[in-house]
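In the two assemblies presented below, subunit A is common to both, partnered first by subunit B and then by subunit C.
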Partner chain A sequence: MNEIAKNDYLTCLLNSLSARREDNFLPESQQNEKLSWLKQLRAEAIDQAGQLKLPTTKDEEWRFTDISPLAKLPFKPARTSSTLELNDIQPFLIEEANNRLVFVDGYFAPDLSNILGKDQLIIGNLSSLTTHPVTEIKHHLGQHIQLKNNIFAALNTAFLQDGAFIVAPKNIAVSKPIHLLFIATQKETTNYPRILVVGKENSQMTLIEDYVALQDGAANGAYITNSVVELNLAANAQAQHIRIQRENTNAFHLANGAVSLDHASRYQAANITLGAQISRYNLDISFISEAAECVVHGLTMVANTQLADTHTSIDHLKPNCTSHQQHKCIADDSARAVFNGKIIVRPNAQRTNSSQSSRNLLLSGKAQIDTKPQLEIFADDVKCAHGATVGQLDNEEIFYLKSRGLPELVARNLLTYAFGAEVLDHIPVNSLKHKLEQTVLNQTQSS
Partner chain B sequence: MINNDSQTILDVQNLHASTQGAEILKGINLTVKSGEIHAIMGLNGSGKSTFAKVLAGHPDYEVTQGTIQFEQHDLLALSSEERAQAGIFLAFQYPIEIPGVANSQFLRLAYNTVQTNRGREELDPLEFDDFVREKMKLLEMKPDFLDRSVNEGFSGGEKKRNEILQMALLEPKLGILDETDSGLDIDALKIVAKGVNHLSNKDNAIILITHYQRLLEHIVPDYVHVMEAGRIIRTGGKELALELETHGYDWLHNNPKNSAGASA
Partner chain C sequence: MSAVLQNLVNQPYRHGFVTDIESEIAPKGLNEETIRLISAKKNEPDWLLDFRLKAYQKWLTMSEPSWQNVHYPKIDFQEISYYAAPKPKKKLASMDEVDPELLRTFEKLGVPMHERAALAGVAVDVVFDSVSVATTYKEKLAELGIIFCSISEAVQKHPDLVREYIGAVVPVGDNFYAALNSAVFTDGSFCYIPKGIKCPMDLSTYFRINTEGSGQFERTLVIAEEGASVSYLEGCTAPQFDTNQLHAAVVELIAMDNADIKYSTVQNWYAGDENGIGGIYNFVTKRGLAKGVNSRISWTQVETGAAITWKYPSCILRGDNSVGEFYSVAVTNHHQQADTGTKMIHLGKNTRSTIISKGISAGKSNSSYRGLVRIAPTAENARNFSQCDSMLVGNQCGAHTFPYIQVRNHSAKVEHEASTSKIGEDQLFYFAQRGIDAEEAVSMIVNGFCKEVFQQLPMEFAVEATKLLSFKLEGSVG
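Coming up: the complex of A and B.
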């Protein structure tokens, strides 16, 4: 990556920010003395971003993922000019979800959203809610995500305006899934989705975080999604978090997630990566108290010249916590997939129980998968298991299916599908699961 | 049962096969006619399972000499899927687990593929569901087994029953059961044997590969063959299995007149 290109992107962004910093950066409804903390948060993020550079493959954390194509395009922030109607987004709707927050190019679209569960939970757009549960927001927003050494999270925070804000109150089990739908419509722009989720004591919820593009392929052109999710579970709270990245295949998708888990809370995630030209998802999970548990499933399925990078970190800061992780990658054609899974067990995190499995399937001689399980264990009374495999389809399995009469290609497609579908089995929303199974099926049969 | 007017289903002549440069089968001769049940016994490493895999067309084995005729056609010219479609079925010693594919999905796909190739009607999911549930009763299988992934987390007995269920669905001309009795308790063994006996008729044939006489108490063979070092060294009736059970395989060698078939 050359120095000039690198500066183009950042200079462009930072200039647009410093211009905004002066004047009415906030919508008028928020021109409130009480919101000085938010301005402060943004100002700090702008300073952070100013001190950072775009990562290159010389940075250890980015050595498999070259984002220089992104830096060559000085994408401006997206504009607020949505003309979408409910009909346009029909294919993306999920029947089981009654609460839906829709964001078009990062901006909240109230007409496309559907908020039904207000008796059960606090839900809405960050910038319109800030006057109401402000203490809650102030307490969590920007407090879980690390901005230091994270240029994309810093930029997201610097541009912070709209965002999804959800609180499941104490002792409430939210009955239906909550759908957060992020739609990209403008090419050559950057959008900044932001999500803050708080599960109070003994609450339960299911969350679907969904990134889509309105049109597929070149028609929609390239754009950048730079998203940040913060999720905090209080004692005994439970959340199921399904994340689907199905951007168009010209897009760049850079995402950061930070999850903090309090006493005896339980976090279950299914991360499905299908889209984007280049994508990167950093997921950091921290056990901030004892007896909590997380189960993280991941599936990356890429083809053509796509590159998809998943970096996760599960930090056992406290004793008696359990983490289970399984990540699968399927790469076809000249695609590349990366999985870097770090498990940290701190010195006092005794009786940690942790497992990690990374299984990878190469469908073409030109495809490439890099997997790096990374265990850093500083406690002695722990149970940690990990394993990684990269391979092609198993010949014995193919023979088994052929011996039942299935032609070679059908056998291969079925096994490829099965490899991916096993992860989809962990999605607790049936219509979505079936839709994704169909997507994976179509993709396996096209190869 | 042995019938004088039955058709020859399988005719193996001087079959030699190798894997990774090592010759495992060294001249097998075997003729199987419709209606017959053949047992192939022998110690580990004698080539029994290799013979089964060669019949089913496993890609790891290369036939270097000899011929296999299946219903008057050259079996060696067919791929493994074509053999299955033509009516060869191998019940695996170690059935493969396929997490992510529901058993019902897999069974219907296999059934419809084979049906289509035999010029018969496919069944839609509902019709197939009725059809497969009827067959499952034969093997005393629980209905939830259809929703589970293929063989994943199945006990040894469930896996073997699933193999016989597939045989029931695909209605082969020749069923080859590779150590179907291994890992089964006596109850499961009886259920599996009942299923196999139910499927056996005057138009098809079965080859049972086994170490032990135990299975042959429940599925009574017309012929018992003993394999050693890649060849059939002795052929007899069902009583041969009993003698082997009593005296052990060494008995064939200690008693020269018993190994008369070795030079065949």
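Coming up: the complex of A and C.
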């Protein structure tokens, strides 16, 4: 029965794809020869998606994440019907970020967006930019993400229409953070957000990738977000990437991120997962040249019957690179948190320095944690360490706080908050950090 | 030529395939007939034949696993002969006839004199009367009610015990190779410690009287009744050669209330030559059931041989307060591959487990640690500590870690840590400064690296294992 449902979902999707293959995605004006590469990219993705099946728990990569509930619902691609006004999205705005791209149900909303730093940046959505820095986009779009054996990335590419494209030019340090806001408003639809970020030589930027749902109305139902992010840093470039997933708790969130780091570039990420019924984030980081560095922090905080799955892969292809990763999960009620972190050190990637830690906190008897920190090492002159812990709050710590006059509940909340807040400390945008701290605090106090 | 002979030759073939229990080696291939043949040869009761056939039926429905991190040409299971009557090895008259290479190995390992003879296949009474040693041991054990014999003997003499426990921990359909073993196992050891008895000596397969070569599909069953305790040693440090390439053994341990089983393995099968040609595939299923309260199961392994080692000695901690331990050293050199680790399944309250795994890869070898720690919802206050360290010698080898941690109870505390390192230039320099050459320095560093595990080995094993390690890594540095 399950099998039939799955086929339904995929067949439905693929049918809608082939229907749209003819009528083309882009407005009339853009229908020129120059865009044939984009059509081809989509066509290849459609072929790729057609060959794949929805993963089941029998697939090693999806062992702990059962997405069959998703396949049972009749999701269709979202349509443009944005009636949102700036007031509606006010709560989501970040004061420091004066560059803002807003996407409603995966479609660019120019009225809500605010593009200021044009002198510093090339920023915009696909339709507005395809004519302009086309070579840059052509060079990177779809080149970093693996579509093989990755049905969701393939589907995203197949439905590729709108997307955020950011290029930080050579020798430019973008002072203000760039806010990419993805808002879901329609239920029983699938959104396909797409992001391409290119940091040219010696550039610097801060990026906030933010997934939200409107609190009221239709958006309280279930929907799917299937996003793909590609990020490329050239030599000596730096990027700070903050990713916040705060979808509503009926949503399904499936995301893929691919990061490639060139010589001496530096990538810092903070991945905060709070929302969605079922969420999955694949982050693949590849060191394509020497002396690059990445620091990845993650916080997953789930309750009720939520399931949050984070898969990361850090691939040391070249020598002299450094990677540090810390991932924390807090699971309450009957929630499940999954973490799979893979570090690969390829032959000859000597003098790799890599560390990974997975720390997990279980707040309730029914919560579940599955963690798998994985090392694959093929070079001998390396320093690699990983660690994992799973546990509850330390009784002695609680006792200490109680001895200072705090009631048990307050002591517990404080410790839980402190556990999560350590990750939030790595967010360089103050207003956002405070807002998230408040969210974490609220969540700990409700439990 | 006599008419008698002529007559014999011309006789029609009367036995047919099934009843031909006179032959020494079963024809190649695996089918129900082969299994019936093995069972008939060994004069087994019907229930055991049923057990084998059930396993065979399961096996037919299973496919060879492919998730493991080892690579080898596909095995043709129909090209293997599944039964060969144990042939007495040719006895050598004295130590002088033994291959000098083998003697040198013994010398390096420091194997005791009398054991050297036994290992080299010298007729024991010529040099040392180990038979009498063995007999004395056996009498002593019998006095205490301990049963220690081959599993075939146990099937004949203690069928009720075997029937009760065989397949209780590793069911016939557990995995591909366990099913194969259950269908065709030919021999192995059986050990039963009655209630309240502490076994006075380490039981070792060395001095098991009735085995001549352990066989390709070994089956071991160790049962410790309430309050009993036993330390069991398997294998030996001396290199073992075998013509069978595939070895698929099954070991089952059962510990009742307050019982304690310690199972130590030193494995040094032929690993193939420097180019990775030949060598034995060691695919083993080992599992212990800590059934009773306060029971304890401890696995210690030193894996140095075999072209491919693939095993996960596991503990199912069902009894409340039960303890599981796993201490492992896996050394791979040249083209060897090892995918080994453990599974700790916590079911009972206050269960504890410790995992210490050390992997050393040299040459072009690959070693993987793959482990599972599962805390079931019923396992209140379960505790696990895992540590797996890898050491790489040379830049063509690989070390991998795949730890699975699944926690379903919030009172659990699970810790895992892993590190990878190499022998530092500065370390070697320090040794050189003290007048110790590189080879010896490596051996000292490696032994220090493995100390936590070697401490768990019985005394004489520990000494030999230390030497075995340096012997194994000989020539891999400098």
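Criterion: the second predicted complex is superposed on the first by the 442 of 447 C-alpha atoms of A that agree within 3 Å, B and C clash if a C-alpha of one lies under 4 Å from a C-alpha of the other, contacts with A are read in each partner's own complex, and residues count from 1 in each chain.
Convention: a contact is a pair of C-beta atoms (placed from the backbone, for glycine too) under 8 Å apart; a residue touches a chain by one contact, two chains touch by 3 or more.
This one's a predicted model, so the numbers in the text were calculated from it and none came from an experiment.
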| query | Is A:T80 touching the first partner subunit B, the second partner subunit C, both, or neither of them? | reply | neither
| Partner chain(s) touched by A:C384 [first = subunit B, second = subunit C, both, neither] | second
| request: Examine A:L363 and indicate which partner it touches, taking first as subunit B and second as subunit C; both and neither are also allowed. | output: second
| query | Is A:L375 contacted by the first partner subunit B, the second partner subunit C, both or neither? | reply | second
| query | In the superposed arrangement, does A:Q392 touch subunit B (first), subunit C (second), both or neither? | reply | second
| query | Between subunit B and subunit C, which makes contact with more of the residues in subunit A? | reply | C
| request: Please indicate which partner A:N348 is in contact with in the superposed arrangement: first for subunit B, second for subunit C, both, or neither. | output: second
| note | Dual-contact residues of subunit A, meaning touching subunit B and subunit C, are none
| Which of the residues in subunit A come into contact with subunit C in the complex? | 60, 347-348, 350, 360, 362-392
| message | Which stretch or stretches of subunit A touch subunit B in the complex? | response | 394-397, 399-408, 410-411, 414-415, 417-422, 425
| request: State the interface residues of subunit C toward subunit A in the complex, per the touch definition above. | output: 67, 375, 377, 390, 392-422
| note | Interface with subunit A, subunit B side, in the complex: residues 56-60, 79-81, 83-85, 89-90, 92, 95-96, 98-101, 106, 109-110, 113-114, 117, 149, 166, 170
